[in-house]
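Here the chain labels run A, B and C in written order, and each chain numbers its own residues starting at 1.
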Amino acid sequence: MALVELDNVTKTYMNHVSVHALRGVTLSLQPGSFAAVAGPSGSGKTTLLNVVGALDQPDAGSVRIGGVDLTTTPPDQLADFRLRHIGFVFQAYNLLPVLTALENLEFIPALQGESKEKRIRRAEELLRTVGLSDIRDKRPNELSGGQQQRVAVLRAILTEPEVVLADEPTANLDSTNASLLLDMMEELNREKRITFLFSTHDPLVMERARRLIRLRDGEVVSDENRDGSAAGVKP
Amino acid sequence: MLFFNMAWRNVWRNRRRSLLTVMAISLGLGFNIFMRAIGDGFHEQMVDNSVRSHIGHLEVHRAGYHDDPGINKTLPNPEEIGRAIQSLPDLRGYSLRVLGDGLASTAENSAGVAIVGIDPTMERKVTTINRGIVRGEYLREGEVRPILIGERLAVNLKAGLGDKVVLLVQAADGSMGANLFRVVGIFRSGAPELDSGMAFILRQDAQELFSLQNRVTEATILLNSSRAVPASQQDLQSKLAGKGVEVLTWYQVEPFLLQFIQLDDAFFYIIVIFFFVVISIGILNTIMMSVFERVREFGVMMALGTKPRQIIKLVVEEAFVLALVGALIGSAIGISASLYFATEGMNLSSWAEGAAALGMTSTMVYTRLTAANVVISNLSVLAVVVLVGLYPAMHASRLRPVEAIRHV
Amino acid sequence: MKFHSTCARACSVLAILLAAATAWPQQKPDAHSLVRKTDQALRGKTQHGKASMTVRTPDWTRTLEMEYWSINPDKAFILITSPAKEEGTSTLRLGTNMWNYLPQVERVVKIPPSLMLQSWMGSDFTNDDLVKESSLVNDYTHELVGETEEAGDPCWRVVAHPKPDAPVVWGKLVLLIRKSDALPRKEEYYDEKGRLQKSLSFDDFRRLGDRNYPMRWNMVSVTKPGHETTLLYHSLEFDRTIPGRVFTQQNMKRQF
């Protein structure tokens, strides 16, 4: 069974800058995917991530994550759904500025009600595995952009959600840092079988994604599978 | 704890703005505590002045005397009443008096007076008229019909020390009582109605003048503290139940005084509310600004799964931090100022005229700091600040994460 | 002729009717004159007499004997002759001023204006009642409101309202005046809210020389239940010449 299933999802955003829209997108994502949604700005990739990430509900169609239909989930339960099932990495300003790296990692377990002792132990262990123990007590403004994004990725995967959504995670990074970040995510995907879905227009990300979905004007224009497993596009 | 740490650190992100807010809160609270302490001190002095110039904390009369006084309404069985009074645990002193109305006249002039017949030894323990003697001296047992009159009455009657004053009264048996008294002292209490309309004579002279044999009109009681008044009143009422007497407190005898204090308190609270409104606007502004600056941050928090309730809690906690720091500093300011002026006193001589009308004999006001003042002031500030924080907190909690994350 | 006599008869009937019509209001006296007549009948030009005053209260009852002299409307002197405690006490009134002489202390005491409404000698008469004798005529407007019968005497009923700036404490007075000799039968004193405060009734009318006179005056207080003052005249002379030295402070002191 697919982990993420979108069936004919339609969603229109309008603000004073632009119209973002999804026009009948249908796709599915298997557990353990390492997929990227690419397309020019305004193509609907951020909207797609918002819908998948339970930040927003579609105007029409259905979204199922791990079998739960988000279109029928009451809006006030979406926060809890995100907390328990989805990890987020944003383009920038991911980390809460008043918290140290370690405390930022503690944030989600703390929201989940985990004991202080346990969540600190988990956070420290994770920092150690990725070799970032030396920055544990640094605040975000004392970290480089690459370090901040890596901490953000660690925060997203710490509680092992079903899917991590990363919205242009490398947009503000140089290619060295972008590679480092992708290395880390690939490793987490491999080691911990964590599913990643990126939105990006960074060629580096598109290159390393094992599946590449291209959007244009809110529609899937291509869906390319590079590891041989079945692509989720229905004919 | 993680969330309280966040709140604490968020407050100090904009140190200058938060310090200004804390300063506004602490000055407001300090001022509030100090003003309340002045008011409490002033009211206590007023009550004390009134109580100690004439009325005492408690008065015992024959039942019905207060509503319709009359020279015939004397205390039944004063010895028994005296014993009951002496058994009061908080008793400082009591005095048995004869009260009556009459006409005081000299060759020059006449004036209606309230005549108080006292036992100087007992009266000294209750009232402070003896301290207000401006010329001559207090009444002494053994003198021939001495009289002590108020300063204004002395002027009206054109009577000086040693002058003769005739008191003409209607006695208890309906006859006209008249006698000649000699002025031995002139007092100033500060209360106009006393200084222009009251004359003190020896109790036995008053009993003779009013044909009362050895009957008395009232027992005036001074307690160790005005706080003991309600309990002592109950105590005495139960001891004297069925004896045909009434036991009245100073605020029943002089309701005007209590009404004045209540009115004064009401004005104080209006000012306090005004202050709170001003401070609240400042705090609201601070918290609103800090919320608007962090829209993207709230967006991230909410995307990660923070519930609106938890956002509200965070922002309210930030307001609480501001209030708490302000309250600590403000209490320190208010308490130290109140304690300082409790011993040093404040000279309000420029208000003296108004103060005299309220029965104040001194122009010094000593602040009085009560635990209730500190506790209530602090709790009100904390409550107001938290309430004020609620509005921006609700605003933050209603942000939509999708839009908030992209907020610039 | 026939016509003439008919006319004459008719005219005479008309004349009688007219006369009756004009005579009717003449029987109803002018209120102001009536009150003036009452005042004169009650007081005369001068008075000298002896009386006793009994004051009853719930606490005590006592009787004062007194002798008094007055030149109306503005001079009066009252001397207490009994009981012993008050013997020699006197009250002098000249115009609106009043003094008491107190033999116990051998002093003359002036009654200040603030005490004019206090009781005189413990009675239900105020100092003011003694001073303001003539004010009934001068300080009030009068209105005849009807007729009534009081204790068998046909009386006029007169309501007196104080003139706007008159120095009077009452809201109104109701007077019952005997039709036969214009003497008062009853005076009722109301406060400004129209509540009856006290009432003074006159009884025991006797012939004294050329006039009738009420020998018993009884004042009942409504505000102070149980308070009542009765004035009984023992002897009374009108319009005799009284020497002016009676109404002096020297005279007060000389009595003892």
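Assume a residue touches a chain if its C-beta (ideal position, glycine included) is under 8 Å from a C-beta of that chain, and two chains touch if they have at least 3 such contacts.
In this text the structure is predicted, and so the values were computed from the model without any measurement.
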item	value
Centre-most chain [mean C-alpha coordinates]	B
Chain whose mean Cα position lies farthest from subunit B	A
Rounded Å distance, subunit B centre to subunit C centre (Cα mean)	53
Centre-of-Cα separation between subunit C and subunit A, whole angstrom	112
Chain centre separation (subunit A, subunit B; CA means) in Å	68
Interface residues, subunit A side, partner subunit B - complex	15, 50, 53, 55-56, 79-80, 82-84, 88, 90, 93-94, 96-99, 103, 106-108, 110-111, 116, 155
List of subunit C residues in touch with subunit B within their complex	55, 57, 59-62, 83, 85-86, 89, 100, 102, 104-105, 107, 109-112, 114-115, 118-119, 121-122
Interface residues, subunit B side, partner subunit C - complex	70, 72, 103, 105, 107, 109-112, 166, 168, 170, 172-176, 178-180
Residues of subunit B defined as touching subunit A within the complex	1-3, 5-6, 9-10, 13, 296-297, 300-308, 310, 401-403, 405
